[in-house]
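What follows is a set of structures to go through.
Next come two complexes, and both contain subunit A; in the first it sits with subunit B, in the second with subunit C.
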Partner chain A sequence: MTELSDAFVAAFRLVVSLDPALGEIVLRSLQVSLTAVAAASLVALPLGAALALLRFPGRGALTVLVNAMMGLPPVVVGLVVYLLLSRSGPLGVLGLLFTPAAMIVAQTVLILPIVASLARESSEGLWSEYREQLASFGVGPGRAIGTVLWDGRHALATAVLAGFGRASAEVGAVMIVGGNIDHVTRVMTTAIALETSKGDLALALGLGVVLIVISISVNAAIYGLGRSRRREGA
Partner chain B sequence: MPAPSILPLTVSSLRFEAGGRRLIDDVGFTLDAGRRSVILGPNGAGKSLTLRICHGLLRPTAGTVRWQGGADVRARQAMVFQRPVMLRRTAWANLSYALSVRGVPRRERAGRIAEALRRAGLLDIARTPARLLSVGEQQRLALARAWLLEPEVLFLDEPTASLDPSATRAVEAIIQAIHAAGAKIVLTTQDMGQARRLGDEVLFLYGGRLLEHAPAERFFETPATPQARAFINGELYEDWN
Partner chain C sequence: MRTGTDRRRRAFLTGATVAALLAATMTTAGPARAADPYITVASTTSTDNSGLFRDILPKFEARTGIGVRVVAVGTGAALKLGAKGDADVVLVHARAAEDRFVADGFGVDRRDVMYNDYVVVGPKDDPAGIEGMTDAAAAFARIAAKGVPFSSRGDDSGTNKKELQLWQAAGIDPKPHSGTWYFETGSGMGATLNTAAGRGTYALSDRATWLAFRNRAGLAIAVEGDRRLFNPYGVMLVNPAKHGHVKVKEARMFMDWLTGPAGQAAIAAFRPGGRQLFFPNAKNATN
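Then we have the complex of A and B:
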């Protein structure tokens, strides 16, 4: 029992003293996950809106595929990205394996379907309401996609935050493609896994606290967005 | 020199089917410039469908919709729906959007938007998110937005069906003003009073067929069909065939 409470005290000290080792890991985690979220959103938002607005052959199949990919197990994504990036893999020449870039790729693949699917849902709701009016204005498909994305911005911000939450909490994929190399590819989740197995509970708990704080902040932001959205009547 | 008018609009042998049911059957008419045309009829008569087909939102199963003028006829029409469609933006931004779609440069927009809001009596709510306005204000904003596009023809699909009398009065006043400014009005309604107030001519639709097309006065004084007679007298007409 004392061991546990000692660990808590030590963890707390690490967090409030802004321990450099802990800070480095937290910063790298944020860097990787934020970049992945940005990259995924860049593709997923227009993709989701296009799935909602456009009628093209294969649309149904693509929608099912995107929805199915929402539940991708992170380790499987890690494995596939590993195979693609490994020396003998098709993208091996890039030399990305065991770099933060590889982790960004894995997390992007992981959250792209989530953001795309949520974006499709939001866009579908708006589109059923807007379709005739925009057609009456003479708005083309490209502009229509831009319009539903902009008018759905609150819901989409929630989707992006959900993607960030998933990326920052995920361990399996970044462990496989990043390798958890100290000072290179070690992030919060992989560090927690490692320190726990080593018995260094203080650092693991300290990182755990930071992760939970981030998670709470993300959810608070989602909640706040929902409120401001209702205030604007969206 | 103004572009030649897109009117008259000639609709012939119009048919529309959905789900195996014939919703519009052999409807044909010509709408000339100037007169306010009211498409009148009970629920399910095909009024909204006819309006949407004329505006090009729906493709008819058979028949033709022909505008007199040639190119870009859509840009010279506007439509206001029963339930106003408000973008999730301020009232001002809703109007600005419509202008930007029509390619009006930003610096020319402000003056036109302010004028449109003033005409609809909405200047003081310019910065309010449009979705927070009352339904009546939203419908006036939708009219202001349509007017802003300076359409030659304005289609209105039961624009006051969900409004109370005072909001209805405000909306009808704007419709009259748009008409006075030179736009052709084509309006659907099942409200007899509104048809009398706003109609120069009446197209009476019933069960997907055009039963009468007559000057308003003649239609209301001497309706030619039993269905129209029953509708005008507020009776429930029973179809026996």
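Then we have the complex of A and C:
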């Protein structure tokens, strides 16, 4: 198992030497995944709350659909986004294929159902508590959704983090629509896949260690932020 | 329940700031780069994984200011990207498929660029007894006769096409044995070599990827030197008559450079570990 120890040495060396190539890839990974999370959350949080609060025909079917889409295979999403963005596809004129924007689109599609589904879950619990009170104040559906989202923000932070986790760990979709182009669309996961295919397993795993550490840092930062907010509020 | 209007406002402001920052990073890192002239080249894993592009492309970019974005996939997939108009230039290694690509009107101006050769690699203890053979088809026949495991790309790449030609020359159809002794990985060269190393199988590899490959485990070259193992690379412009957005001027500058004296010299000068991996053979390189 020398590869495992070599991997930690490689990871340590990458971080300590502040490898500029690594820095660039890490920044691009964060930029792509965080943008996708922001875009997905903007739609998914109100959508999840609306599914919990509103009664409309087809609500059950939509809920089942959103839940089922949580398991969308990344490679299928990548393929569909590729066909849409290809020069021969309907959105080809935009020229977005093999750019970070294409990767953001693919990740947004992937994580939107996850964030929406978890948001619906947490909103449903709060809504059963608040329903009568808000109705007695004569609060409209728009403000009710706002209130439920605001009061459920800690649970929603977890939903958003789950989305971020999925986005930053994903390789199949971004490989297809990004093309893993050096200095343009190479991110952590595609770099790991590339080093694995070159047979440089220690460097690949080293990059993996760095990715996991970043993921832990982002989660710790959100957790810390939530705690300090709560203390401040108390 | 808290109504907390100010707090909600503050949260909204924070959210909006974060969104604005993200949008700012997106625009600075995205379209800002795209504003520079660049071309997209669909090429093969062998040219990219071996480090060739990383070595020679900066020389072209420094001279012309044109960025070259390489999407490295198998030859079959690279030709499909070209056919759909998702690349400006295609650089691959499967002569018959290249000629068909041009005949079908997807590509124009095919030129020879360079060559190297394929090698048959396998476990050092050589269970098929083919080490040192110079007839690749006969070696394949012996592998099949003994039912010794063989890892195939199985991905319609140039290497995969060459391998299937060799099976045909040996008079063997390996497909019925898929899953018994014939493993189709459906992956790139590196991934297939990882499989071969992990399961101790034979495999056909281009020499460049093999020499650059770091996880050889118990593998070594078993067969080389057959004339049929010749591996020529060709470059083509994606037909601008089919895809109007193809960057003809920049793409032609790249093709001219690659097949001209400077590009050919750069290819010959790429010698990782002191070994030349690709041999330039463009027709008009001397003038």
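The working rule: the second predicted complex is superposed on the first by the 203 of 234 C-alpha atoms of A that agree within 3 Å, B and C clash if a C-alpha of one lies under 4 Å from a C-alpha of the other, contacts with A are read in each partner's own complex, and residues count from 1 in each chain.
Convention: a residue touches a chain if its C-beta (ideal position, glycine included) is under 8 Å from a C-beta of that chain, and two chains touch if they have at least 3 such contacts.
Please read these numbers as outputs of a predicted model, since none were measured by experiment.
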Once the structures are superposed on A, label A:Q31 by its partner contacts, choosing first (subunit B), second (subunit C), both or neither.
second
Superposed model, subunit A: greater residue contact from subunit B or subunit C:
C
Touching A:G138 in the superposition: subunit B (first), subunit C (second), both, neither?
first
For A:F164 in the superposed arrangement: first (subunit B), second (subunit C), both or neither?
neither
Report for A:Y130: first if it touches subunit B alone, second if subunit C alone, otherwise both or neither.
both
May I ask you to decide whether A:T147 touches subunit B, subunit C, both, or neither, giving the answer as first, second, both or neither?
both
Pick out the shared contact residues on subunit A: the ones touching subunit B in one complex and subunit C in the other.
130, 133, 147, 151, 233
Parts of subunit B lying in touch with subunit A, wherever the complex brings them together
52, 55-57, 74-75, 77-79, 81, 85, 87-89, 97-98, 101-102, 129-132, 149
Can you list the residues on subunit C that touch subunit A in the complex?
1-4, 7-8, 11, 18-19, 22-23, 25-26, 29-30, 33-34, 40, 45, 49, 54, 69-72, 84-86, 187-191, 193-194, 197, 212-216, 243, 245
Show which residues of subunit A lie in contact with subunit C when the two form their complex.
28, 31, 34-35, 38, 42, 86-88, 92, 95, 97-101, 104, 130, 133, 146-147, 150-151, 153, 179-182, 184, 194, 196-201, 233
Subunit A residues touching subunit B in their complex are 126, 129-130, 132-133, 135-139, 143, 147, 151-152, 232-234
